[in-house]
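Order as written gives the chain letters A, B, C and D; numbering starts at 1 within each chain.
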Amino acid sequence: MQYRRVGKSGLQLSALSFGAWVTFGRQVGRAQAREMLALAHDRGVNFFDNAETYNNGVAEQVMGDVLADLRFPRDSYCVSSKVFFGAVDKPLPTQRGLSRKHVMEACQQALQRLRVDYLDLYFCHRPDPETPVEETVAAMDTLIRQGKVLYWGTSEWPAEAIHEAHRVARENHFYAPVVEQPQYNLLHRERVEQEYAPLYEAYGMGTTIWSPLGSGLLSGKYNDGVPADSRLAQPGYEWLRESVLGEGDERLRKVRALQPIADELGGSLAQLAIAWCLLNPHVSTVMLGASRSEQLAHNLGALELLPRLDAPVAQRIRQAIGGA
Amino acid sequence: MQYRRVGKSGLQLSALSFGAWVTFGRQVGRAQAREMLALAHDRGVNFFDNAETYNNGVAEQVMGDVLADLRFPRDSYCVSSKVFFGAVDKPLPTQRGLSRKHVMEACQQALQRLRVDYLDLYFCHRPDPETPVEETVAAMDTLIRQGKVLYWGTSEWPAEAIHEAHRVARENHFYAPVVEQPQYNLLHRERVEQEYAPLYEAYGMGTTIWSPLGSGLLSGKYNDGVPADSRLAQPGYEWLRESVLGEGDERLRKVRALQPIADELGGSLAQLAIAWCLLNPHVSTVMLGASRSEQLAHNLGALELLPRLDAPVAQRIRQAIGGA
Amino acid sequence: MQYRRVGKSGLQLSALSFGAWVTFGRQVGRAQAREMLALAHDRGVNFFDNAETYNNGVAEQVMGDVLADLRFPRDSYCVSSKVFFGAVDKPLPTQRGLSRKHVMEACQQALQRLRVDYLDLYFCHRPDPETPVEETVAAMDTLIRQGKVLYWGTSEWPAEAIHEAHRVARENHFYAPVVEQPQYNLLHRERVEQEYAPLYEAYGMGTTIWSPLGSGLLSGKYNDGVPADSRLAQPGYEWLRESVLGEGDERLRKVRALQPIADELGGSLAQLAIAWCLLNPHVSTVMLGASRSEQLAHNLGALELLPRLDAPVAQRIRQAIGGA
Amino acid sequence: MQYRRVGKSGLQLSALSFGAWVTFGRQVGRAQAREMLALAHDRGVNFFDNAETYNNGVAEQVMGDVLADLRFPRDSYCVSSKVFFGAVDKPLPTQRGLSRKHVMEACQQALQRLRVDYLDLYFCHRPDPETPVEETVAAMDTLIRQGKVLYWGTSEWPAEAIHEAHRVARENHFYAPVVEQPQYNLLHRERVEQEYAPLYEAYGMGTTIWSPLGSGLLSGKYNDGVPADSRLAQPGYEWLRESVLGEGDERLRKVRALQPIADELGGSLAQLAIAWCLLNPHVSTVMLGASRSEQLAHNLGALELLPRLDAPVAQRIRQAIGGA
């Protein structure tokens, strides 16, 4: 495994990591989850991402049970949670958002579900227009000083809001966010490459990126339509399906244009797409989702492809997706 | 239920909430208290107000026992206490006021009586001329950093003292108060509307207001004299009786002038008075007192009246009470 | 009992309080200690002073056992300890002074001996020339933020060192000392009245004064020589004996000149001396030592004498002791 | 024993102290370790140095077991650990360095192995170019405020990095390092005497120096080659052997030139070398390594030699080693 510092911080995450996403406890049972976490840890993956909202807390429970069962040394991995969305069975305004009340309570609940004494990373899953940034940064600062969180970050915040968080932290001697968790892949590049560009230099922030396969499109698996067992076919994810396949023809054309490059390099389209993310030095880790061990093992193989993505190959990829 | 942010903070309280006041443990027994808390929570009320001085701590004990019994999720409600007055069986100078000693000890005692790990809101019940504001703000700051309190506020402090608290907080990087708990109703408007006006803008403070019915006068129940089971008839509350009915004729004239408006809107006078408070955008929540479930349910009905209080109606109300 | 604020702080101590001094556990047994603490608390005394060095920790143990036995409400009294001198059976350099190591360890030990969760007041018993003031103030600040101490103070520090402590506190956002514990009596006035004068105004500091009877001289009991059961006759206190009686003639002349005033007011010389200390508004409390209940009860009677010490009487006292 | 303040701090360490080094749990068994710690403590040694990396944590375990067994009063000694190198069986990037993650986890692990509630001193064993100084200083600050560490320091950091740590501490109100742990002996003087010179004055830092015998060369025991049971002969320490004997002739010449001085003063060469270190007022303590009680007792004898190292002797020593 290759490890990367999260921006300029001292935390080093594995270049490929494992996000729990919503499937834990639904399509993915405890046995499968255990097998995948064991495989990932064995391959050197040291970051397991989660959130209060993933399967309404069940994803954290499953991960917590499996981690307790596997007994990895606590210093051999990092676990995260994210606060903002709450859970569908918790619809009250005090049960979501970034108020001090919800941030403190959500952290305590995540620690219990994940069965750990502290979170290595704690993310504000979205900006909360109904809470002043001061209140949220102060709550994160308290959690860090209390030892319940080691580092905190944002997820899908506009750059402007992140600037604001840093200003508040500086003025109040609060701990500042060290990481963003944005979507990033061959078909979704603007935020990470343009909008966030000033953040890397100004604050030394890193990124833990999600959806490297564009919700599966970049694996090529939707080329002939959505399989019945895909997440896109699950109830409640119609929005996701539309966003993935909505401008279908153009996105599909790009994906198909990438296939010959993957073939030539001797890897799959998915591996190519994952490895490509790591060409960006501001990507601290690429978070892989998976519902089967074989899929996870295959995607971890992207690291072997990475050395073959030299400058000419990168140039061909850019041309295929129509970028500069 | 409708929810409102406490000023610019991220905490959202139900527009109508439930204050324990002194009756818990006296006129109101555990069974009644349980019934009312269950009803309120079921209707979406998420804020239960209390104070060390209410029935000398018994009100907190009753509420704590009932909350423990009802097992509401901790993130589905907010509980407060207030420090300053102490209890009648605790007459020593270290057992009241806003010294660090009393603030810290009173909080610990409130947590034990209420059977919670932290207070969502902790109020300084009155300003303490015998304690420097620095000492009180510092104590509140310590409680917040220790995780025993989430937000702190003042109750019936002169605006000048609140300005001072904010100045002290800013200069020392202490947590500042986010909320005031003043009296506010159709017959008692000056402090909330005039004196506190600069606080809403300058600090984003909200208010949790008490006595929306002017100690009952606005329910119309004193129009023909004080009933024997009213709080005003209890020993020790002569001062309250005098203050409510003292300028009786004039206040009664206003109350009577409101009755036709309530009738026309299809609500009771009490519901009209409660709903009127919510027309003020700086009111975060109107705290209802009650000694019977029926009374509480009736008063919660004020929310249904609220949409009918449009501009012309508000104008008629202002004229009835002789305001501008 | 009369209560006084400790300087401008919100802490109110009884005008007369009870210092454990070295006799607890030596001349004074547990039964006597229990009787005296019960008497004092019953009379409204709310401050029990102690120190790590008093009888090498045994004074704290005795007081802790007795307090636990008497079960006074924790908010009805204040308990203090002092750090600096260590104990004679602890001669190592890490076991004394005001280093962070000793301050933190001494506090923990005092809490255990006194059987309380926090000290109301914690004093630096002397300045420590071998520790930077920054280190000591920082350690006190940590103890306050951890909730192990409510207020801290100094004892017999030169005014200059106290100024320095306040400067360090201000610059680092540390908690500053609120109280000094100096010697003060009719024959020992300079430090409290002159040297500390600027501290009261600048920082609002109060004083908890010791030795109001000048180690017994002002009780008149040494007029005819030292009784065998006096503390001055104990081994190891020769220095004290010399300092009390050394300039005997002059000090005795003053004491004798006070006797007629006491007689005239209807009190004892001891009561007069104690009450006189309370004429100074910067004296927050006069700490009484005692080895028998009768003695303590008698000295508490000084409060009854206090109203009789009007301006003309005060003038006569000043003349008797040769002051301005 | 003689005690010295650690720079301008209030912490006083014994002039000679005991470093656990790697032999604990390897050549040195529990019984020997117990004997040596008992001897050292009996002689007034109050500082026992350790590190996470010494024998991969086993050195700390052995010391912790022996300290628990010997039951020295906790205030009679200081124990340290150091963070940076991790352990050979912990090769992951999160298991070493000075990231917040590793600093916090390493401290917790050291506390468990050493079986203490807090470390008196906690050192950053080397600078970590892959972690910003801000992150490390902040983590140390958190540990101090949480009460898990009393003082923190650096070990073998370039002076420039120490300046940077102080700048960060000052700007953020973080606790600053009070001590360095460098190598220092008659043949290795530059860093302590030249590079660190500005640190003593600017920040009042002290030093806990290691290798006073230059890995044994200054004991004279390598004059005729390396004995089989020497640490230099252990696998994995070839680098140490080379560095000690590499420029053999010149260093040996110097050592041999010192022998007559030692003889004349009536001490051994080792004692002379150790005592010489204490001539430097910026040396707070000289840490002795030992694998046998006799060796430790002999080296502690250096203190008796110290008074004989007057100015003329010091001058002869300087000439012998070719210094100015």
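Here is the rule we go by: a contact is a pair of C-beta atoms (placed from the backbone, for glycine too) under 8 Å apart; a residue touches a chain by one contact, two chains touch by 3 or more.
The structure displayed is predicted, hence computed values, not measured ones.
J.: Spelling it out: a chain qualifies if it touches chain A and also touches chain D; which chains qualify?
T.: Both chain A and chain D are touched by no common chain, going by the contact rule given at the top.
J.: Since chain A and chain B share one sequence, what rotation angle in degrees maps the C-alpha trace of one onto the other, as a multiple of 5?
T.: Best-fit rotation on C-alpha atoms: 90 degrees.
J.: Under the over-half criterion for shared residue numbers, do copies chain C and chain D use the same patch or different patches to meet?
T.: Both copies, chain C as well as chain D, present different residues to each other, with under half of the numbers appearing on both sides.
J.: Using mean C-alpha positions as chain centres, tell me how far chain B is from chain C in Å, no decimals.
T.: 44
J.: How many angstrom lie between the centres of chain A and chain C, each centre taken as the mean Cα position?
T.: Result: the chain centres lie 62 Å from each other.
J.: Which parts of chain D, given as residue numbers and ranges, touch two or more other chains?
T.: Counting only residues that touch two or more other chains, chain D contributes 145, 173.
J.: Can you name the residues of chain B that touch chain C in the complex?
T.: 90, 92-95, 97-102, 104-106, 109, 128, 130-132, 135-136, 138, 142, 145-146, 172-173
J.: Please give the residue numbers of chain A that touch chain D in the complex, ascending.
T.: Counting only chain A, the residues touching chain D are 3, 5, 8-12, 44, 46, 73-78, 118, 120, 144-145, 147, 150-151, 173, 175, 204.
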